[in-house]
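One chain, chain A, links the two complexes that follow: it is found with chain B in the first and with chain C in the second.
Now for the complex of A and B:
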C-alpha cells in the first residue's frame, strides 16, 4: 500500500502551464475545469516586483474534508491514498466544493458534448482527426475503472457531477507518473510514495525545507512545496485563467 | 337536535380569489419553464461558479427551513403552555410548517446536479460523518412529524377524532418543538458551522443562531398569516390580545437574534483572521443594501413590538414584514458572503449576483408554496367545529389535562354529536 504524494519545487517552476495542458489532454476535462492549476503571482509594487508561480493540484489530504462531508460516499481514498470521486454516485450537491480549503473541485456545468474545446461536428476537423470519434462518445473510454468506478481518463464526463484531480489513477496503475509530472519540462513536479524513504519525493523532501498549504486546518495534505516560502497577502494573481465554463 | 355554530366556515369564493390563484399559477409556470431550462441546458445558466457554488437556492432553503418553525411555536403555545386562544391557528400553523418544509426541500433539489440521484443515492449510500446526511434525515423526520400532526388535527377539526387522537396530536405538537429546534434548525446551522475551510461560518454559535433566526421567521410569518387571513376573510382568527401576545413573543425572539448577531460579529472581529477584513468588505461594500435591510428590519420590528404600537394591526403587519425581510437578508448575506470569501489571500474576490433563471425558479417555488397554502386552507377544515351548548365536548380538550375518560376508551364521537363541516 503506497501513500502517494507530490512534491513541487517552486524555485524550478517557470509557470509555463504545460502541466495544466497535459492534465487537460490526459483527462479530457471540460472547458473551464483545471484539475491542475498554476497560479502566476506578482509580489511587490512596480518597479520593485517579483513574479513567482505555484502549481495547485488536489492536495489528496490524509484528513480530507471532502471525504468527510460527501453525503453519499462518492468521495473516498483509494489504496494508494489518492482521494477520488465515484462519478456514478455523486449527486452534485457542492458540499465538497465549499468544504475544500484549496478550491480544487470543479462542477460539470454542461453536457460533456457542449463542454468540449473542439467542435467535433465541424467537418473541417475531420481532416485533422481522421474521423476519430470524440472522446465523449468513445465507448472504450466510458468504462468503469477498477474498484474506483471512476471513468477512464479521457472518457465522457457526466453533467451535474463534481470532479477533480485523481493523481491520474489510470496512469499510476501502469507505473506511470501523473500526466502533469511527466509533462513538466524542468522536473519541478515529483510524484511517489511518501512512506518510501528511497522514493523521489522522500529524497527531495529530505533535501529541502518544505511547507504545505493551510497546515493549520489539519487536513494533512500530501502535496508539499519546496524551494520558496509560501506566498503571502502581498502577492496577487496575474494572468488568471477563469474557472467559469 | 341542538342548534350548532360553526367557526371558520368556508367563505364564498370571490373574484379576487381566482385572480390570486391565477397570478400564482402563472408565476409557478414561469418557474417551471426556468427549471426546465436549467435542467436541460445545465447549471451554466445560473450565476453559480466553482468558486461560489452556493447562492440564492441555498439562502432560500435556509430561509424556508426557518419559516417552518411557525408550526412548532404555535403548537408549543397551545399544547405546552395551554394557550387555547391560539387554537384557531393550530391547523394553519402546521400547514405553514408543511408547505415551508416542502419548499425548502425543493430548493435543495434545485441546487443539486442530479435530482434523481439526489433522491435515490442517500437511501443506499449514507455517510455518517456528513452533516448533509443528518440535515436531510431530520427534514424527512420533521416532515413526517408535521404530516402526522396535520392528519390528527384535521381529524379533530372534522369531528371524527377520539380522545386518543387528540392526545397523539398534542404530543406530536409538543415533541415537534425540541425536535425542530435541535434536529432541524440547529443541524442546518451545523451544515455550515462544521466547515473549517470557511472562516465566516466555522463558528460554534452558528447552530443556536440558526435556531433563534428560525423562531423569528416562523413567528413573524404566523403573525402575517393571522393578519392577511383576517383581511381576506373579514373575520378575525384570534383576539387582539392574542395578536399582541404573539407580537411580544416576536419582539423577544428578535432581541435574542440581535444578541446573537451582535456577539457573533464582535467575536469574529477580534479573531484576527484574514477573513475578518474580507467579511467586512463584503458586508459593507458589495452587500451593504442587504446589511442595511437586516439591521433596520430588526430595529423597526423591535421598536414596534416592544412598544404600544404592537396593539395596532397595521403596525404589527409592518413589524412582521420588516422582520421577515431582515431574516431573509441575514440568510442571504450569511450564505453568499461565507462562500464568496477567497480561499487564498492572493486571488481576486468574486461577486455573485443571481441570474434571471435563479430568480425565476425561486419566485416559482415561493408562488407554489403560496398556492399550496391557499388551496389547502380551502380544501381542509382549518378550525375545529364548535358544538353549541349541550353538544359533545371537543376531544382535544386543551386547557385541561387530556386524560382518557374512564370506560370511554377510544370512542369515536358520533357525527350526531359533533357537527360535520
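Now for the complex of A and C:
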C-alpha cells in the first residue's frame, strides 16, 4: 500500500522524449498513443525567447474525474494510488476522455496490430519472433495486477477501448520504477510514495517549490512539477507529435 | 465474461448509444469481440548486456529477452557513460533491430546505376566472391585504388587499421562533415586529439559554442554523458553562455544567448582575445612556460633560432637565449634587437595582430553588441581565477574553471582558424588542460599531428585522389566531396589515378555528405561499389553493385571504450540474438572477404594485423594459418588483457570497470613535465611556411590564404553571393536521429516525421509564409554560380536569427521503407563542396547563402 506519485524536475528535463519511447516499448502502445508526452514549448519574441520542456504523464489524480464517470467501473484507483483501466471491462464510451482535464486518455481507433508501426507478420521475421506484434511485445501486459487481480497493464490490447498511463503497474509490482522514470537520461523524473517522507519524491518536493496542473479543479493530481514555474499563457507548442495518417 | 459484457450493454442505454455511434465511425469493435485468452505469464527471462549500435558513444544496454525474443533495451547501470539510462534512440532501436524492411539477403544489382536498384538475391558465397574478385583484380594494379569509405566504423583498430591495412586500401572517413577542422586545430594548437569540452566536475563558466545541448553531441561523446554532467554542474551554480544562431538546442540551459551570425565565430574569438588582453587577465606563467608565446619572431615571420633552438628574450641577461636554457626569465612581450635582427615575441605579434579586432569592430560583423562581448570577456577573466590551484588526489594543479563546449561548429569555411582562435581565448586565460578548464580529449596525450602538421610538406604532382600532401591541402582531413570533385575533373587537381572500387562501411554517402548532385555524379563513375548496411541505404539503392546485409547490434564488436572522462571502462557489443535474416556482423563479413581475396592469412594479412592492433599476447595470438571465429578473437583479446574468463567476462558482466582516471592521466598539467614537454602553439610558424610553399608551387590564393601563423579574419566566400540570397542556411541534428541509421526507426520517425525549415516569424511574414507552408529554398555558390533547390515545409520559430534559416539532417536516408517515405529532403542537397566551401584543411562548411520563398 502506497500513495505513489511522480515529481518532475523541469530544470533538468532536456525534452529528449526518451521517456515517451521507453513507455511505448514497455507498454506496446499503438501508433499515435503517447501515455507519456513531452511538450516542447516556446515563449517570447526573438531575441528574448524561452524554450522549455514539460513531460506529461497521467496525473493519477486522488480525486480522479475519470473514475467517477466510468459507467462500467473499468476505471479505478488501485491500492498504490495509480488510476488504471481494466481493458477487459472498458467499453470505449469516451466518458473518461471528456471528464479528464489533462487529455491523457487514448482510444484505440485501429485494430491494434495494424497500428503497431511495421509488418510484424513478415514471414522471415515471424519465423524468429513467433509472429509477436510488435516483435518486442511485452508478455507482462497480459497479466493481472493489484489486489483485485485485474487486467490493467499495457496498451494496444483491443480496438475500441481507452487506454492510458498505468504508472507501469507491471513494473511497480516487481519493485521497478515506471519505464519512463528508469530511462530518463538526466533523472528528471522521480517516482515513489508521497506518504513516505523518506521517498525520493518526498525529498525532492521538500527541496524545491512545486506546482501541479490545474490544481483549481480539485482533481488532486499526484504528479508534481518542480524547478520552474508554470508555462505562461503565451507559450505555444513546437515540434508537436501527431498521429500518422 | 463475454456474456457478462453483453448483458451489461443491454441494460445501459447511455453506453449502448455511445457504442452505436462509435460503431458507425470505425466498424467492428474489439469491445464486442471475445477478449484475449487468459494470460500465460510463465516464461524464461534473460538479461543480456550489450552496447548501443545507433549512437556514437556506445552506451551500455541490458536487453530483456523473454523466451528468446528481445522485448526491451534499457540502460546498463554499470556503464559510466549512461549510468542505467538511455536516450530515445537507444530505447527505440529495438523496433529497428526487428525491422522486417532490413536487407535480408545479399543483393546483386541487375540494372544500371543512378536509378533505384533492381536486385536479385544472391548467396553469401556468390556476393562475397564478386567483391573479392574485384579486390584481387585491383590489388594487382594498385591497392590504393580500393576506396574504403566509412561513416562510423565502430572499431577503428580492427576495421580502419587492420582490415584497410590488409587490403592496402585507401581509408576515407566522414570527419570533414563532422568536426575534423576542430580536430586539426586542436592537434596543431593544443597537441591533443579532439575539439573541446569543459572539465564539468570542476568548471564554473562555460561557453556553449554551437553546442546543440538538448539535441546532440558535444566533443567525443554522443549525448547522455555531457547532459548528465551539465545538469550536475548547473546545480552547483555553473553559468552557460550559448553562442549560436539558433537557441533551440541550448534551450532552457542557456543563461545568456549570443545569437551570432553564421560564419563569424573567428571574428568573435578574436574580439574576445582583444578584450581579454585589454583587461589584462592573462595567465603569464602558463604562456611563458608552456606555449610558444615568448619565442622571438623575425620580420619574415619565422622564429629566431640559434643552433636549431628557438630563442626567447631573457630579461635577466637582456639577451636572446634558447627557450629551454636553464635559469632564464623569458619576456612575454616586447620588441628587441637580437643577433642583429629586429624581433618581437610571438605574444607581441599576437597582441599587435588582435589590436584591430575590438569588440566594437566585431559588433556589426558578428551581430552581437560590443558590450555583451566585453561582458563575456570580463566574466571569463573573473571566473578563470588565474593563479589559483586545487588539490586533486594529492596532486596540486592549476585551477581555471572556465571552458567551452564546441564540436561540429568547426565545419565552416574559416573553421580551422576559428577553432584555433577559440583555443587562444582559453590559452590567454591559462585554462588549457587545467582543472575546471578546457579539455580536448578525455585524458591527456600528445597527438602525432602536433608535430607532423608543423613539418608537413607540399609535394609535386601527380597527387593521389585524396589530395593528401598536395599544394591544395597540405594539411588535409580528406574530404569525400573533394574526392568526388577529383573524380569528375582529375586534370584540375593534377590527379592521374582514380578509385576503381569502393567498399562502403556504415556510411550513406549519397545522403549524409554535402553537395549531393556532385556526389551522385561521381559515385556513378566508380566502376564497382559494395555497400555493407542493414538497410537499403540511398547509396546502396543508387550506386551499389553488391549489397551485403550487416547485422545491427546482434553481433560481436569491440573492444569499445566506455569511460566518461572521470571513470574508465571497456565494453563489447554482444549478440543479444542470432543475426536476423541472413545478416552478419561486419567482422564475420571481413573474415570471409579477406579469405576469398587471399588477404586473411600469412604475414601482413588480416589476422596478422589483428594480432598487432589488438595487442594479442602469447599464448593468445591468432595463428596465421587458420580462420578463427569472431568470438574466439575477442576471447583472446580479453585473455591477453588478463581477464581469465575471456569474452565470457563481458557476456556475464557487460562492463569492465577500471576505476577512476587519475589527475596525472587526465590533465595536461598533470603530466611530468606538464603537457608532456610540448609548447602549445599560440603562433603557427609552420602554417606560414606552408603558405609560402603552396605559393611557390602555384596553388591558387583560395587554397593558401588561410595558412596564416595567427588566425586572421576575412569575410566568408558565401557573403559574395548576390543580395537576393539574403539568408544563411545552417543545419543541425535532432535528438531523434543519429547519422543515417535512425530516420527509418519507426518509433523515432513517428516523433519527427518530416523535414521542416526553421524560419523566424518576422522573416516569414515578410515573405507571406505561414507555419506549415511549403517553401522553396535555393542556395547559391558564390564561386561557381551554381544553384540548388529543395522544397520543404516551414516551421516558424522565435529561436532563430531573422537572417538565418535552419534545417535538420538525416532525413530520407533509407530507400523503400514505409517510415522514410515523404520525409523530405536533406539539407546536404543545398550545401557545396570545393573552393569557398571548404576550409584550408579540406573540411566542409555547412553554411551557404540561400533565398526562401513560398512555393
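We take it that the second predicted complex is superposed on the first by the 208 of 245 C-alpha atoms of A that agree within 3 Å, B and C clash if a C-alpha of one lies under 4 Å from a C-alpha of the other, contacts with A are read in each partner's own complex, and residues count from 1 in each chain.
To be clear about the criterion, a contact is a pair of C-beta atoms (placed from the backbone, for glycine too) under 8 Å apart; a residue touches a chain by one contact, two chains touch by 3 or more.
From a predicted model like this one, the values you see are computed outputs, not experimental measurements.
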{"item": "Which of chain B and chain C A:71 touches, first, second, both or neither", "value": "both"}
{"item": "Chain B versus chain C as contact partner of A:122, first or second or both or neither", "value": "second"}
{"item": "Chain B versus chain C as contact partner of A:191, first or second or both or neither", "value": "neither"}
{"item": "Chain B versus chain C as contact partner of A:22, first or second or both or neither", "value": "second"}
{"item": "First, second, both or neither for A:159, with chain B first and chain C second", "value": "both"}
{"item": "Which of chain B and chain C A:102 touches, first, second, both or neither", "value": "first"}
{"item": "Touched partner set for A:44, first chain B, second chain C, both or neither", "value": "second"}
{"item": "Touched partner set for A:90, first chain B, second chain C, both or neither", "value": "both"}
{"item": "More chain A residues in contact - chain B or chain C", "value": "C"}
{"item": "On chain A, the residue positions that both chain B and chain C contact, one per complex", "value": "32, 71-72, 90-95, 108-111, 159-161, 244"}
{"item": "Complex contacts: residues of chain A adjacent to chain B", "value": "32-33, 39, 41, 65, 68-74, 89-95, 97-103, 105-111, 114, 159-162, 217, 231-233, 235-237, 240, 243-245"}
{"item": "For the chain B and chain A complex, residues of the former touching the latter", "value": "41-44, 49-51, 53-54, 111-114, 117-118, 121-122, 125-127, 129-133, 136, 194-198, 274, 339, 343-348"}
{"item": "Complex interface listing, chain C residues touching chain A", "value": "1, 5, 8-9, 12, 14-15, 18-19, 22, 26, 28-33, 35-36, 39-41, 43, 66-67, 69-75, 82, 84-88, 90-92, 94-95, 98-101, 104, 213-214, 223-224, 227-228, 231, 234, 247-248, 251-252, 257, 259, 577-578, 580-581, 735-736, 746-748, 750-753, 760, 762, 795, 797-802, 818-819"}
{"item": "Touching residues (chain side chain A, partner chain C) in the complex", "value": "11-12, 14-18, 20-22, 24-26, 31-32, 42, 44-47, 49-53, 71-72, 88, 90-95, 108-112, 117-120, 122, 124-125, 128-130, 132, 134-140, 142-144, 151, 157-161, 179, 182-187, 228, 238-239, 241, 244"}
